[in-house]
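First, the structure itself, so that you have it in front of you.
Going in written order, the chains are labelled A, B, C, D, E and F, and every chain counts its residues from 1.
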C-alpha cells in the first residue's frame, strides 16, 4: 500500500471522527433544546369558535383595523368618517 | 461580380460551425442530447439536468462563445457565480427555505444516520486515490456520495475546478437513480424481520425549538468547520426565514423565484464547462464508476448503522431509514417507505426516514467542511491555521 | 454671519442642476416626457418605453450621475448588462418561455414568410449606406426592420454602440405602430379576392415534436451562424422550459419575474444612453426615417412573398398572413386577422398568422447572425474565420 | 453608384440567400420531425372517468400518496399510523 | 500511527473557530442573537433585522470569511451592492411601487410636516458634531432621524462607510420603536383639545395627477439636488409603475420578488459589516444615543409644526398628524391614529396622517440630497460645483 | 462654542431652508396640477351593468377576442373555424 493511499485512509478516519463528533454534539444540543423548550399543545381549537362573540378580546388590534377600514371607506365614498360606523371586525 | 458573390458565399460557409467542428464537439453534442433525453423523458432531476444539458449543447457549438472559458461570453459571466462560489450558497438558501427539520428534531439520534451515510464519501475518497487522483480531486469526487448537488459543485469548484463538469453531472444523475440503486442494497443488508419493524410515533416539537435550531446549528457547526459557513449558514438562514414566521416575504422569494433564477444560472454555467477537453477523458469514466460506488457505499453505510441502532435500541429503529441518510431529499426517504411497505403495507416509515434524510444534508455539508479545512485554499480559512494542517498532512504523506 | 449664510445659500443654488443644465438636456427632458406620454397614454410598448423614458429623464438631469457613461453611477452599472450582452439574451429566455411555436410547426412553410419579411432589413441596410452610414452602422439600423427589440439592442450594442439609443427607441416605437403602419400596405398590395382566401385547418402537432424543435433549431441555426447563439439559444432554452413539461418552476420564473427584472434593468440602461450628444443629431432623424422604411418594406416583403406562396399553392395561402412575418408578436398576427376580417368576418386568419409571426422572431435572429458573422468583433467568432470574411468584404469594397 | 453601396447590395444578396437557406433547412427538418413523430390523439377523456373505481391502476403512486397522507395525519394527530387508515386517493 | 492520528486530530481542533475566536467576536455573536431575538420575538422590522442579525452572526464566526471586508467571501460580494450604492435605490424602487401618494396629493401642505420632521436630522447633526464626529459622519448619523432605512444606508455608505453598521442597526431598531417613542412626546406637546380636532374629508385625486406627480417630483427635486437622483428617481419610477396602469408586470415584480431579493442581499451585507472592530466602540453608543435623540426631535419637530399649522389654519389641522412626518410608513401614521383615538374614538386621523407620512419619505430623501450636495464625493456631482461648495464650507470652518 | 459646532449650525440652517424651499415648490406644483387636472367622478357603476346587452359597444376589441377564441377552439377541436361560431364575449 502506497503513501497516498495510507494518507487517504488516515484522512478518512479523521474526517469520520470529526463528523460523528460534530453531529453528536448537535444531537445533545437538540435534546437539550427540546428539554428546555418542550412542546405545549395549543389550546383546543373549539374554544376559539366561542371567542368572536366576546368583543373585548385584543381591543387595540381590532380598533386599529376598524380605524383603517373606516378611513378607507370614508375616503372611497367621499364622506366624513363620522357618517358611518364599522361595528366589529373578525380576524381571519 | 458573379465570382465574388459565389466566393463570398463560400467564405460564409467556411465561417459556419460546420467547418470548425471537431469530433470531440460532436461527441459532446451527443452527450448533451443524452442529458436532455434523461431529463425530459426519464425525469432525471430535470430542473438541473435540462439546463445543464442545454448549456453543454450551446458550449459545444463551435465558435458560439458559450464555453465557460470564453472570456466575455454569456455563460462565462454566469460561470463567475460558480467560480466565486456565489450561486451554490444561494441555492442552499432556497433549500433551507424548503426543508422541514421537524422530523429530525423529533428524533435527533437520526443525525447519526446522516453521519454514517458519509462513509460512502470516504470509501470513494480512498478509491479515487487508488485510481490515481490526488487528495483534493479525490475529496471532490468523494462528495458525490453526499448526494447533494450544490455541495458537490461548491467543493469541486474549490478543490478541483477542472473536474467540475463530470462531478456535477454524476452527482445529479445518481441522485435521480436513487430509487434504482438503493432498494437491492437495502434488501440485501436487512432481514425481513428488521424491515417489518414499526417505529414509535414522532413527538411534536415546539415552534421555538424549530426557530432556535438553525441558529444553534450555524454557531456550532461553523465554529467547528468555518469553511462550510457559506453553505451551511445560508441553508440555515433559509430555514430561519421559514420557521421564524415573521419573514414570510423573504421565505417565499427564497423558495421560489430566487432559487429558480439561481438554478438557471448555475446549471447553464455547469453545462458550459462540459467541453470535450474537460469531459472526454478517462477521468470522467473513473468519476462515473466512483460516483456509483459512493452512492452504494453511502446506502450501505446508512443501512448498516441503522442495523446497529436497531440492535442497541432493542428493535425500536427500522434499519431501512438508514439509507435515507444519503440526503437526495425527499427521494431517499420515499425509497425507505417503499421498501418497508413491500414487507408490510401498514408500515409507514416515511416521516421517520425524513429525519435521516435532512440529516444527510447537514452531514454532507459537514463532510465538505472537513475537506475544506484540510485541503481548502490557504488564503481562505486563515493562512496560519492552514499551514498547520498542511504540515500535518505532509508529515502523513511523507511517512 | 448673515453674509456667509446668504453666500452659502447662493453657492447651493449654483450647485443645483438649474445652473448646469444646457439646452440639449432641456430638449432631451422633453423627449423623455414624449416617450412617457406615448407609453402611458398611447400604450406604445409601455413595458419598455416607460422605463426607457424615465431612464432618459434621469440621465438628462444634470449632475445626477445617471448617464450610461457616468462611471460608478447607478445606471452605468445596469448598462454593463447591455454592453456585455447579458440582458438581451435573458429577455429572449423569457420570450421563448412565452412563445408557442405550435402554429409554425403545423405549417412550417410559413418560415419562408419570416425570411421574406427580412427584406426590410436589407433595403434599409442599402438605404442607410446610401445616407452615409458605414456597413456596421447600417446593419444595426437595418435590424430595426426585424421588429425585435432585444435583437436590435443586442446588434446595436455590438456593431454600433453609439447608435444604441435611437435604434432601440425606433425599434420599440415602430413595433407599437404596427397596427397603423401595416394595414394600408397590406390592402394596397393585395386584391379583395386574395384577402378572402380561407386557409385549411392547422393539423395538431405531437408534444414530442414541440420538445425536439427548440433543440434542433439551436443545433442547426447556431452551427450555421455561431454568433447568434446567445440570442437564439436562450430563446430556444426558454421554449424548452415551456414545452418539456418537466421544468414548470423554471418556465414560470423565466416568463414572469426574471424577464420583468431584466426588462427594468435593460430599459433603464437604454434610457440612460439617451444623452443629448448621442441622440440630438442628424443621424437620429435618419434612423427614424430608415426605421419607418424598414417596417414598410418588411411588411411589403412578407405580403408579396405571401402572394407568391398563394399562387404556387393554388390559392391555399392568404397573403395577408405574410405581413405577420415581421415578428412584433402577437400584434402583427392580429393585424392580419383584422384586415382579413374586414373583407370577410367569418375568416379567421389569426392562428395561421401566428406561424409567420413567430417565424419572424427566428428570421430576424438569423439575420442578426449573418451580420455578426460578417461584421462582428474579430475576437468573437474566432479570429481566423473573421479574417477570411474581412478579406472578402474588403475585396468587394475595393473593387 | 459608389463602392459602399455596391458592397451593401452584395452583402444584402448574400444575407438573403443565407437566411432562405437556413430557414429552408429548418422547414425540411420540421417536416421530417412531424413525419417521424406524428400526432396521436390522446385516448378519449370519458374513459378516464371510469378509471378511478378500479384501484389496481398505478398502485405504486397511490400507495405512496396514501403513505404520505397517513404519516402526516398521524404526526399531526399525535397518534400511531396504525390507528387510522386512508383507503383511497384520487388524483386530481 | 496512533500518535499521528491523535496529532492530526489535535491540529483539526486547532483549526476550528474555537481556537481563533476572540472576546470581540463572542460579544458580537451575542449582539447578533439579541438582534435575532428582537426581530423574531419582538417583531422589530423582522424583514431587515433578521437577515442583518444572521449576517452579523456569520461574519463573527472566526475564519468563516463572511465579513464584508473578506475579499472573495460570499457576503463581500453582496457588500459591493452597498458600497457602490446599487441595492438601496432598488429597495426604493420597490418602496415606490408600494406607496400610495394619494393622501399627500389630497392635502399637499402636509409636505411641510415631512420637512419639519427633518428638524431631528439637524439637531442630531449638531449633537454629533458636539460629541466629536466630523461633519460627514454627523450627517450620516443625523439621517437616522429621517426614519428611512435605505436612505440611511445610502448616505452612510457614501459619507461614513466605517459607521454603516451601527447607523443601519440604529435606524431600523428605532423605526420599530416608533410606537413606543412617539406617543409620550405627542401627548406632552399637545393639548387634549388639539388632539380632538377632526379633519375635513380628503378630496379625491384624478389618476392623471397621480401619474404626473412622480415625474414632476423627479424633475423638480433632482434638478435642485442632483445627488439624490438614484434614491428619489427610483422611488418615483416605482410609483410610476404603480400608478401608470400600463406596467402591471413591472409593478408587481418591483413590489414583491425584486425588493425581496434585494432586501436579502442588502441586509446580509449590512450584517456582514458588523464586526467587533466596527461595532464595539464608543462611537456606536454615541450613535445609539444620538439616534434616539434624532427620533425624539423629529417627532417633536413634526408635532410642533403641526401645532403651528393648526393655529394658522384656524384649527383645521390636528397636530398629532405632524409626528407621522418622520416617515416609518405606515407605523407612524398608525401612531397618530391611535393617540388621536385615545382622546376621541370617533376621530379617524389615519388617512390624514398618511400624507405627512409619505411626505417624510420625500423629506428625508431631500435632506439626504442636501448632505450629498454639501459633503458628497467630489467626483460625483461634478468637480467644479463641488469645489465651489467646498470653498464655502471651508470658509465657514475657518471662520 | 467651537468652529465645527458653528459650522454644523450654519449647515443645519441652510439645509432646513433648502428643504422647506424644495417642498414648498412641490406644494405649489401639486396645487397647480390638481387645479389643472381636477378629479372627475367616474360615470356611476350601475350604468355599466346595462352595457353588456348592447353588443355594438367597442366592436373591434370584442371582434378580436371572438376571433382568438374561435381560432383556438377550432385548432383544439381540429375543426374548421366556419363550423362553429362564438356569438358574444363579455369582458370581465
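Here is the rule we go by: a residue touches a chain if its C-beta (ideal position, glycine included) is under 8 Å from a C-beta of that chain, and two chains touch if they have at least 3 such contacts.
This one's a predicted model, so the numbers in the text were calculated from it and none came from an experiment.
Shared contact partners of chain C and chain F, listed by label, are E. Chain centre most remote from that of chain D: E (centre = mean of CA atoms). Distance between Cα centroids is largest for the pairing of chain A with C. Per-chain Cα centroids separate chain C from chain D by 30 Å. Our note on geometry: chain B versus chain E, Cα centroid distance of 40 Å, whole angstroms.
For the pair chain A and chain B, the distance between C-alpha centroids works out to 30 Å.
Between the Cα centres of chain A and chain D there is a gap of 38 Å.
Among all residues of chain D, those that touch two or more other chains are 10, 14, 18. For chain C, the set of residues touching two or more other chains reads 4, 8, 12, 203-204, 224-225, 256-257, 370, 374, 393, 396, 399.
Only residues 104-105, 108-109, 111-112, 114-115, 118-119, 121-123, 125-126, 128-130, 134-135, 138, 203-206, 208-209, 212-213, 216-217, 220-221, 224-225, 359, 362-363, 366-367, 370-371, 374, 393, 396-399 of chain E touch chain F when the two sit together in their complex. Residue ranges of chain B in contact with chain C, taken from their complex: 4, 7-8, 11-12, 14-21, 29, 33, 36, 39-40, 43, 46-47, 50-51, 54, 57-58, 61-66, 72-74, 77, 256-257, 260-261, 263-264, 268.
By the touch rule above, chain C contacts chain B in their complex via residues 84-86, 89, 93, 211, 215, 218-219, 222-227, 229-230, 233-234, 237, 240-241, 244-247, 249-250, 252-254, 256-258, 370, 373-374, 380-382, 385-386, 388-389, 392-393, 395-396, 399. Those residues of chain F that touch chain E in the shared complex are 3-12, 14-16, 18-20, 22-27, 29-31, 33-34, 37-41.
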